[in-house]
Structures are given as structure tokens and as C-alpha cells.
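Listed after this line are the structures, all set down as C-alpha cells.
Consider the two complexes below, in which chain A is the common component and chain B and chain C are the respective partners.
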Partner chain A sequence: MTFVSTITLVFFVLLAVVAVAIGKMRSLFAAVMLSGIFSLLSASLFVLMDAVDVAFTEAAVGAGISTVLMLMVLHLTSDKETHSNEVKVFPLLIAVLCGAVLLYATQDMPHFGDPNAYIHQSATADHYLNQSYDDSHIPNIVTTVLASYRGFDTLGETTVVLTAAVAVMLLLGRPKEEEHDLSKSPDPIIEVGAKMLIPYILLFALYVQFHGDFGPGGGFQAGVMFAAAYILHALSGTVRSAQEAASENVVEKLIPLGVLLYAAVGVWCVLKGGNFLEYNALDPEHPAHGQHLGILLVELGVGITVFSAMLMIFYKFALRGREVR
Partner chain B sequence: MLQIIGSVILLLGTFICMFGAIGLLRLPNFFARTHGASITDTLGALLCIVGMVVFTFGMDDPMKFNLLVVVKLVSIGVFLLVTSPIAGHALTRSAYRRGLNGKGAPNLEDVANLPFGIHGAADTRELLEGGEEWVSREARSEQEPNNSDNLNSGEQS
Partner chain C sequence: MNILLATSTTAMSGEGVYNYGLVIFLMMTGLYLVLAKGNMIKSVIGLNIFQVSVIMFYVSMGRVEHGTAPILLEQDLPHHDSEHGHDNHDDSEDHGLLQTRSDVALASTADGNHDADGGTDSDVHPQAHPEDTEANSPSLHTVDGRTAYSNPLPHVLMLTAIVVGVATTALALALVVRIREYYETIEEDIVDAIENRLQKEEAQS
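Now for the complex of A and B:
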């Protein structure tokens, strides 16, 4: 067993331990914290597996934003699990059945790093690996697959993010004015510390956004990091002060704007005489330049939508609460 | 030679992390335990990073990639230096503000009134209390009758 696979195994064991601990935990507050730890462990696992871009997202969303959202939900409800001694047979049966089916299904999964796995043998994977640089002159194959070869998929994913944000906005609605009772005196130490960090987080998010062609990153990761910076600002100070930096009205309009930008690039390709999202048509003399331009704009659209959707969901939860620190 | 020095510093860092972990498990109350956690975060992690920097300088380096590694390590160190103490502060502050008393919890009102004094104790009290009207520990424990040493049982503010 190699060194890396030993570490991987240790991480998987820790993941299982944390998962069991979450299940046994009565205090929901501690369970939320443990789920944050679970996400950080999975992020470390993704780094070990050389999927740094996924690790970014997992660390920012799983450990950061979703933990904050869960804490806010606990603030609105109660942080104790209601206890009952009665054993519910039907839900137990369903859980056991689902677990058994999943365990049975894992038998068909290829081993970790198996060269004979289907994904390594399919013709599309070969095509992507061999052709992507010639097609678009972009060294990061993940970006070309995400934004160009599978541009339709990504458009769908961005629309899913939009739908989620719209659903949260519909469910939580506009808060009443008197509910804006936010923390009067935020802690200066935390506030100053956050102010020192926020510029670097924003800068790194921009780097991840626009360097996605060459290194790990792209719109999803950058959008999440941008939102995390604003949420840090809101948590260290007040939600009001974050809203002065990015007002709810503007954020609200940015959510569909990103999807619109994505779709507009597709329509632009059609107008230039190509197919929908066929970036080669953007610059007929240099198809690779067209690919570059199209991927850049599309990733920007994804980034805008993800950023504003995350921030909007945070605002909606934050302004429901009586007091947010 | 540099590699040996680096390894020794790295080993020292891991020992400090281990002491922090032991402290986290063995110290008597929440506020003392945060001390163990902060040691792991600050001194332990920073010593590890310094050790890695010294180790990297000792490596053969025909391509001059080492400088990049060192810059990355130093920036990680700077971020840790900023975030870890603040995280420890936030943890202690929120526990104190939620009324976590228990055995051995600091009574900052007493600290401020001590004859020999601790410099800045009054300011510390103001920071912890967030500038709100000061309520003594006894008065607070009357309002919120849960004085358990367990964070989970702290009442929501």
C-alpha cells in the first residue's frame, strides 16, 4: 500500500467516524459543527485525489456557507433534537432497504484507479483528452469539458442554481421591517480580522474565475468564494453592512443576469451561423479564439449566478432571524 | 544541515500539536480547553510551517522552484497567524456571552477590580460584553439558570 493510499484510507475512516457521530448526536448545534468537519475531511480527500477545484467548492460551500445556513436555521428553531422512545418500523425498514441496495450496488463499482473501468475505456474520454488542446488551446481539460463539450449540461446546472434561489426567495419572502434587529455592537477583533482577510478572498476568487482556463477553477468555485467573502463580512459585522456593500435589490437582479449571459452567448453563436453554444462560430478564422471567448463569458455567467444565488439565500435566512452575530 | 534543523523544528511543532490535543482532552473546563486548542492552531501549526520553510531551503534546487514553495508556505503561515487567534477569541467570547459559567470560568468583573490589575482587563470585559450594560455573573445566572460546564446546554441568546 502506498503512502498516499494509506492517508486516503485514514481519511475515509475518519469520515465514517464523523458520520456515525453526527447520527448519534442529540445536540443539533454539535451535529452542524460535525457536518462542517465532514465537509473539510472530504475536501482534503478531494485534494489527495488531485481534484483541487472540487475541494475548493466543498470547503467553501460544505464547510463554510452551508454550516452558516444551518446555524441560522437552528437560530430560527431549536438546537435540540426532539426525543422519542418509540421505534418507527416503517421508516426503519425503508432506511435498511436503501442501505442494503446501496451496499449491493457498490459491488459493481470499479476499484479506485482501475484502468479497466468503463470511464477510462469510453471513446468520449479519449476524444476529450487527445483533442481538447487542439480544439481550444486551453490546457485545463476540466474547463473545456465543463464549458464547451458539455456546455448544455452546465447551462442546465446554472438554471438549477437559479431555480433554487428563486424557490428560497418565494418560500422566505420579504422580511418585516421590525425584524431587522441585528447585533448592535459587533466584536471589533473579529471585525478587523475579517477586514484583513476579505480583500484576499475576493482577489483569490477573481483569480480562480479568470484563471480557470489554465489552472483548477472556474465559475462555480469563484462564485462560491465571492459569496463566502460577503457572508464573512456580514457575520463579522452586521447583515446591514454587507447589504450596503451588495444590496439585496442588485443581488436579486444578478441571479438571472448570469443565466441570461450564458444563454446570450449561445444565441450569439447561432447569430454568427453556428449551433447553440458552438463557440467556434464566434471567430471563424481562429476557432480556438472563439472557444476562449465563449468559455470566458460562459464561466463569468456561471460565476455571477452562483455568487448572487448564494448571497441571496444567506440574506433571506439572515433577515428572518431576530439577531445575527 | 538546513534539512536537519528544519526536521527538528517540524518535530517540535508536532509535539506542541500533541500537547495541545492532550490539553484539549484533559484540561478541567471549557475555557482552559480552548487554550489547548489555540496552542495547536498557533504555535504548533506555525512551528510546522517554519520547519517546512527551513527544510525547503536545504533542498537541492536546480530549477529554483523552492522559492515558490516558500512563498506559499509563508502566506499560509500569515493567514494562520491572523485567523487562528481570532477563531480562539470568537469561540471563548461566544461561550462567555452565552452564559457558559461552570467551574473555573473566568469572572472578568473580578479581574478588572483586582488591586494589582491586569492591563487592559476592563477593555477586555467591554469586548466580551460587546459594550452592552454590564451584568454581573450572579445576576446573569439568576436569569439563565443553566450553569452546566457543557457547551451544548448553553441557552440561546
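Now for the complex of A and C:
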């Protein structure tokens, strides 16, 4: 076993321990914090497995936004599990049986890291690795595949984010009673510390957005990080002050704007005589330049939608009045 | 356990299948939490664990031993003239570029890069590719010869899945908040009891 695979194994075991601990915890607050740790550990594991873009996203989303949302829901509901924690036999039986069947099936699976596995030998993978640079002049293959080869798929996924944001807005639409603020008396140390961090987070998010062609990053990660900067502002001060920086009205309109920008690039390609999202048509003289432009705009659209959807979801949870018990 | 041991003895390459076993353990922990826990927030966390383990399953399939992230290293970028479209590699220039790069930065793999150059020469025509891989399969991902990159496709699919996952988690949490406001509890069985009582009262009146 190499050094890297030993560390991989250690991380896997840590994940298993954390997962079991989440099941055991009766305090929901502890369970939510552990699930944040679970995400951070899995992000480290993704780095070990060379999936840097996935790790980036998981760290920003799982350990960041997701944990904040869950904590706000605890604030709105309750942070104790009322029932005792005895093991339930029937669900355990199902889980064990299901696991045994799946474990039996893994006998046929290619080995971990085997370069001869079929997934690495398929024509698709080969094309992505060898041709993507010729097609678009972008070294980060993940970005090329995400925004160009599988651009249609990504458009669909951006639309799912839009749909989820709209659904949350419908469910938690208007504040229940008088508007309630999460933190009425902000701690000065936290406030000053956050104020020092926020500009750098925003700057880094911009870098991630526009450097996604050459390194790990792209619209999804940058959007989440932008939202995280505003959420930090809201958590360290008041939600009201964050809303002054990004008003709900504007954020609301940005959500569909990103998807529209994405789709508009596709339509532009059609008008230029290509297929939908065929960026080569944008610059027939230099197809690679067309790819560059298309990917840049499409990633921008993704970033705008993800940013505004995440921020809007946060606003909706934060402004939901806590009911009086 | 038996299964894991049996396969690791017959391992051809790679490091056995322990990753799948651990992923399945995580997945089943998530499944158990969803099934067994009456508390809705616990169920949502269980669903999240399940989701992360599925993502990990895909990503672990895309990994290549001794591989690196699928961002092309400089020495692997074809020497490019944007004027000439796709298949216009100047062989001698290409060669020179690889040579200098390996001299400077990658002295240890200099020989490997030399071999790789031979590989790229035959790769000039895009159409020739699929057959090429089938003929001498390991050439793409072996360390000696060329840089081994992990498979980018699972990464792309999982990256978007994570963001869509958090959006749907937010939706689930919004539903939990509404349930709490209506029933004043987030325990499934208490919600059931209240529902039953309400139905009985409706039937009586």
C-alpha cells in the first residue's frame, strides 16, 4: 500500500466513525456540526482521489452553506430529538441486507485506481483527455466538459437550482409575524473579524469564477462562495445589513437572469448558424475562441444563478419569524 | 470481510475493492438514519450522508493510481498555433518543447516524456483515437509514457450533483419548517398522531 492509499483508508474510516456518531447523537446541534465535519472530511478525500473541483464544491457547499441552513432550521424548530435512541430492528435489517447485496456485487467491480478499468478506456474519456485542449484551448478538462461538451446537462442542472429556490420562496414566502433578526446585538469582535474577511472572500470568488478555465473552480463554486461572503456578513452583523448590500428585490431577479444568460448563449449560437450551445459557431474563424467566449458566459450565468439562489434561500430561512411558544 | 480478502488476493492492478465496501457502509448508515429516525432533521442529515457516499462512489471509480487531477499539465499541452485548426502539430517543434520542459522541471520523468512524444505523433488524427486505445490500452494512463490523469467525467457529473443536492436539501428543510409551524413538532409519529386525531374529530362532527 502506498502512502496516499493509506491516508485514503484513514479518511474513509474517519468518515464511517462520524456517520455512526451522527446516528448516535441525541442533540441535533451536535449532529449538524458533525455533518459539517463529515462534508469537510469527504472534501479532503476528494482531493486525495484527484477530484479537486468536486472537493472545492463539497467544501463550500457541504461544510459551508448546508451547515448554516441546518443551523437556521434548528433555530426555527427545536434542537433536541425527543425519542430515545434504541436500535430499530427492521430498518437495520433492511440496511444490512441491502449492504450485503451491494457488497456481493462489488466483486465484479474494477479495482480502486486500476488504470485498465473500462471507465478509463471508453472512447468518451479518451476524447476528453486528448481532444478537449484542441477543441477549446482550456487546460481544465472538467470545465470544458461541464460547460461545453455537456453544456445542455449543466443548463438543466442550473434550472433545477432555480426551481428549488422558487419552491423555497413559495414555502417560506412572507415573514410569519414581525420580522425577526437572527442576532440583535452583534458581537464586535466577530463583526470586525468578518469585515476583514469578506473582501478577500469576494476577491477569491471572482478569481475562482474567471480562473476556472485554468485551475479548479468555475461558476458553481464561485456562486456558492459569493453567497457565503454575504451570509457571513448577515451572520456577523444583522440580516438587515446584508440586505442593504444585496437587496432581496435584486437577488430575486438575478436567479432567473443567470439561467436566461445561459440559454441566451445557446440561442446566440443558433442565430450564428450552429447548434444550441455549439460555441464553435460564435467565432467561425477561430473555433477555440468561440469556445472560450461561450464557456466564460455560460459559467457566468451559472455563477449568477447559484449565488442568488443560495442567498435567497438563506434570506428566506433567516427572515422566517420564530413562533412564540 | 471474506469478499474483500478474496478479491485482494486475485488483484491484477489497483488496490483491491475496499473503497466500495466503505462507501457501501456509509451509504447504508445514511439509509438506516432515513428509515429509523422519526426526527425529520435527522432524516435529512441521513439523506445527505447517503448522497455524499454515492458521490464518493462515482469519484472513486474515476480515480487512477498515481494519477493527478484532470487539469492538463504544461508539458502535456500540444504546441499550438491558433491559426491552424485541429490536427496541425509540427512534430519537431513538439518534440523540442517536451524536451526542454522535461529538462527543466521533470528530470526524473524525462525518459517518459520522450516516449510520450512518440505517442502524440501517432495521435495526430482525431479519428484514429478510439481504435488506438483499444490496441494498446494502458498507454494513456500509465506513469511511464505519459502523465496519468483521473477520469474527468465522474467529477463533472458529481460537481453539479452537489450543488443540486444542496438546493433540494434547502427545499426539504423549508418543508420541515412549515411542518413545525403547523404541527409544532418535527417528529414523524407525533405528526401522524395529530393527523389521526384530526381525522377522527372530523368524522365525528
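What to note about this one:
What we mean here is this: the second predicted complex is superposed on the first by the 289 of 325 C-alpha atoms of A that agree within 3 Å, B and C clash if a C-alpha of one lies under 4 Å from a C-alpha of the other, contacts with A are read in each partner's own complex, and residues count from 1 in each chain.
Basically, a residue touches a chain if its C-beta (ideal position, glycine included) is under 8 Å from a C-beta of that chain, and two chains touch if they have at least 3 such contacts.
In this text, all values refer to a predicted model and were calculated from it rather than measured experimentally.
With chain A as the common reference, chain B sits beside chain C without any clash. Look at A:187: by the touch rule set out above, it reaches chain B but stays clear of chain C. Once chain A of one complex is fitted onto chain A of the other, the partner contacts of A:196 are limited to chain B, with no touch recorded for chain C.
Using the contact criterion defined above for the overlaid structures, shared-chain residue A:140 touches chain C, although it does not reach chain B.
Of the two partner chains placed around the shared chain by superposition, chain B is the only one that A:30 touches, whereas chain C remains out of contact.
When the two structures are aligned on the shared chain, A:249 is found in touch with neither chain B nor chain C. More chain A residues lie in contact with C than with the other chain of the pair chain B and chain C. The superposed arrangement places chain B and chain C with a least CA-CA distance of 7 Å. In the superposition on chain A, the residues of chain A touched by chain B in one structure and by chain C in the other are 323. Remark: chain B residues 79, 82-83, 86, 89-90, 93-94, 127, 130-132, 151-152, 156-157 touch chain A in the complex. Those residues of chain C that touch chain A in the shared complex are 3, 6-7, 11-22, 24-33, 35-39, 41-42, 44-46, 48-49, 52, 55-56, 59-72, 77-78, 80, 82, 85-87, 123, 126, 129-130, 133-134, 137-138, 140-142, 148-156, 158-160, 162-171, 173-178, 180-181, 185-187, 189-190.
On the side of chain A, the complex with chain C involves touching residues 1, 5, 8-9, 12-13, 15-16, 19-20, 22-23, 28, 31-32, 35, 38-39, 42, 45-46, 49-54, 57-58, 61-62, 65-66, 69-70, 73-74, 76-78, 81-83, 87-88, 90-92, 94-96, 98-99, 102-104, 106-107, 109-117, 119-121, 123-131, 133-135, 137, 139-142, 145-146, 150, 153-154, 157, 160-161, 164-165, 167-168, 171-172, 176, 214-216, 218, 220, 224, 286-289, 306, 309-310, 313, 316-317, 320, 323.
Chain A meets chain B in the complex at residues 26-27, 29-30, 75, 79, 183-190, 193, 196-197, 200, 323, 325.
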